[in-house]
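Next come two complexes, and both contain chain A; in the first it sits with chain B, in the second with chain C.
Presenting the complex of A and B:
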């Protein structure tokens, strides 16, 4: 009898942790997707992507908490704020550094320092707690389980965005241009396509998603000034696992890493982070280019 | 036409005298100056030497072999943690045991990681080295044995015991001790980069396929360079542990890996003196910025990265050496 109860409890615990892992993984997907696209399509290693996430999260915090406006407006403006910063970095600096990965890495890591310090300057170094839409503060009851509504909403947003990005990349004209540019830049430009404008758009979109992810992710993680590097590390892990330049890879890698992290934290609490890195190393040893990566 | 230029006098053209000016000034700065500095600046000078060593070890694989690693701190941390664990867990203070085991563990980690990361190149190499460095970071974070009680990392280290040479350490003689090893390492790395092996590495950087078709076993060259670089990074880590009095998981991580890369690129990669200049820039600017405006220091550091990438593309060290050559040429014309 006791065993049965404990068994049911264990199943529920696993299920809850699985859901926690998936919702966390969706945030990871949101942040990694933009970075992965920029890396795979434009060949730009943008280490400031985590800092863009942080900028978005802080802007969202100002709108939603400080001014007490709508959470969705915060998500939108957070995305636009990060998109603007990303746009400026691309136009002002990265544009001159195409095909120079070493310089890109140093430049964008410089921006991690700059943006982090500016955020501390503007918003202070304090840790800001989680915030969400009041309508999502409750729980959803489903098949005997009650689960936070905000986490359900995060999972839905992640799925919708994944579908949207996949559709954009595989089914639209812009996506076709982008994929063509990835395979053969000179030939695509020779066909009279203004790749620079497409690159600008892609970079803006990726930065926008990073900032949007910052506000969405703030529902779980809050906002703090270490996020610029923390989120960068997580995004890199997801990209390594999923493979560079692939939306499906980022989604799959994000969920996998999220679930591994949640289960690891629940069942091996002494091994925080380690389970995640171990999963990454194992995948790398089996398949160095990631699970769904394009061969570079 | 170059031939129609007036020939500079012979000993100037060969630069036999003029080439000693940078060496001489470097000697004065490194050997004589520290005696007159206050103690806290001697510490900064020591830190500069340690990071200069770290940066030139990085430049062997980055500037010469063309491999961009984001996990070079793995070997730095391995060296530092080895001497720290020896002190904390086994009460072994001997420098000679520490340096032997520290170099051995750094070389071992590099040899192991090299097998994994050199299967790929380019972007995936960057990602893999990053991943392995972070793996060590998380091991150091989680493993109780690698942490002093109640904290992350190992604190309370002291200057090492030299055994047969009883030294009462102060900041100045520790500085000279590091300088000795730095000069030795610089000399060895200079020999390596000037050897056929070093030239082959540059060849691999410029065109690996071409080197392969010339019959070079390029993987082996890269692997050897990787292990050598890791070993010297381990030496830097050993001195850093003694110098800093503590070592933390972060010294395995990406923020530490980033420093030698920044120093090499800012100073001028593909040379040995470039990273040294870069290390001087970063360490001293950090020191002065932390006095003037400690809160804004990261902003200044980040801006230095951005500006040096945008405007001094080849690195400040290379720029200075070009300036020096120009000056010596003009000098020779008189």
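Presenting the complex of A and C:
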């Protein structure tokens, strides 16, 4: 009898933490996807991607909490705000640094500090607690389990965005141009395609997704001035695990890291600091280019 | 959380808790973004004690705890440091009813403290948090030490002058162990709502002259 009750409890705990891991992993996917595309397609290592995520979250907080407007408007404007900042960084600086990875890393890491300090200047150093749409503040009940609605919504948004990005990259003309540019830049330009404009658009889109992710992720994680650097490391792990330049890779990498992290914390709390890195090491040993990455 | 020491009063065994039994302890790494997996593994207990690194993680934890729908009462340490006036405003109703240990709360009714609070209010327009109080009292301590030595800031003279001080400060009577560790009163406070403002309560209880238990 007792055994049965324990078994049911265990199943519930596993299910709960699978959902915890997937919802957290979706936030990681949202952050990593843009960074991965920019890295794979444009060859730009944009370490300021986490900072753009932070800018989006702060803009979203201003709209949703300070001005008490719609959460979805906040997500949109958070994305646009980060997109604009990203656009300016690309046009003003990164445009001149193609194929210079060392300079890109130095420059974009500098922008991490610049953006972080700008955010502290504008919004102050104090943290902002989680916020969401009032309609999502409750619980969803299914299979005898009660689960926060906001986390279910995050999972759905992640899946929709993943499908949208995959469709854009694999099934549309612009996606074909982007993939062609990834393989052979000179040939693509020789075909009369303005690759610079494509790169500009891709960078804006990636920055937009980062800002959007900031607002979506704020439902779980809140907003603070350290989140740019905190999330940068996690995004890099997801990209390494999933494979550079691949939407599916970022999706599976995000979910995998999220789930491994959640199950590790719940069932092996003493090892919680390492489970994520352990997963990364094992995957890199088995498949050095990442789960879905192209062979190097 | 670092020490989600979960206690139950009917089983009074553990001396560290002054009664009560520690049912479970969890130690999330510093910088944990999502506490939900830990929260999902909380065992049933009368009280959940948590101590996390600053207002950001604390607010994240409380929100995720309430999101998970758990009802066990929360208790914390360094409530005055984590629940600054700004943080309390940010947390709103979520923090109401959470009790904790505080070294300073501006609503403590005491002539020295009232004078300090009025002066800070006049100067900044805000009520002081523990940070302002700590900075103010520390400066007062050093000045009092210098007064005793006649302005000599040589370590050999200033150190005994400071550690032998006994002062009334905004947080209450202050003295030092020979090692220079402060002996002060420690208060129990609770997050509450007064006239639409989120604030820490006046001291609900006080433990007089608390010494670091690791010192002889």
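Just so it is clear, the second predicted complex is superposed on the first by the 295 of 296 C-alpha atoms of A that agree within 3 Å, B and C clash if a C-alpha of one lies under 4 Å from a C-alpha of the other, contacts with A are read in each partner's own complex, and residues count from 1 in each chain.
Note that in this section a residue touches a chain if its C-beta (ideal position, glycine included) is under 8 Å from a C-beta of that chain, and two chains touch if they have at least 3 such contacts.
Just so you know, these numbers come straight off a predicted model, no measurement behind them.
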**Partner chain in contact with A:62 - chain B first, chain C second, else both or neither** = neither
**Request:** For A:24, select first, second, both or neither according to whether it touches chain B, chain C, the two together, or no partner.
**Result:** second
**Request:** Identify the partner contact of A:110: answer first if only chain B is touched, second if only chain C is, both if each is, neither if none is.
**Result:** first
**Message:** One more residue to check, A:288. First (chain B), second (chain C), both or neither?
**Reply:** first
**Request:** Considering only the touch criterion stated at the top, classify A:273 as touching first (chain B), second (chain C), both, or neither.
**Result:** both
**Message:** Quick one: is A:127 in contact with chain B, with chain C, with both, or with neither? Answer first, second, both or neither.
**Reply:** second
**Request:** Spot which of chain B and chain C makes contact with more residues of chain A, would you?
**Result:** B
**Request:** In the overlay, answer first, second, both or neither for which of chain B and chain C A:146 touches.
**Result:** second
**Message:** By the touch definition above, which chain A residues appear in both interfaces, chain B in one complex and chain C in the other?
**Reply:** 270, 272-273
**Fill in**
Within the complex, chain C is touched by chain A residues 13, 16-17, 20-21, 24, 126-130, 139, 146, 148, 150-151, 220-222, 224, 226, 230-231, 234, 261-267, 269-270, 272-273
**Asked** What part of chain A is in contact with chain B in the complex they form?
**Response** 39, 45, 93, 96-97, 101-103, 105-107, 109-118, 120-121, 229, 233, 236-237, 239-240, 244, 270-274, 276-278, 280-281, 284-285, 288-289, 296
**Complex interface listing, chain B residues touching chain A** = 62, 68, 70, 116, 119-120, 122-124, 126-128, 130-132, 134-135, 138-139, 141-142, 254-255, 258, 261-262, 265-266, 269, 295-296, 298-299, 301-306, 309-310, 313
**Complete:** Counting only contacts in the complex, chain C reaches chain A at residues 26-29, 31-34, 36-38, 40-41, 55-56, 59-60, 63-64, 67-69, 84, 86-87, 90-91, 94
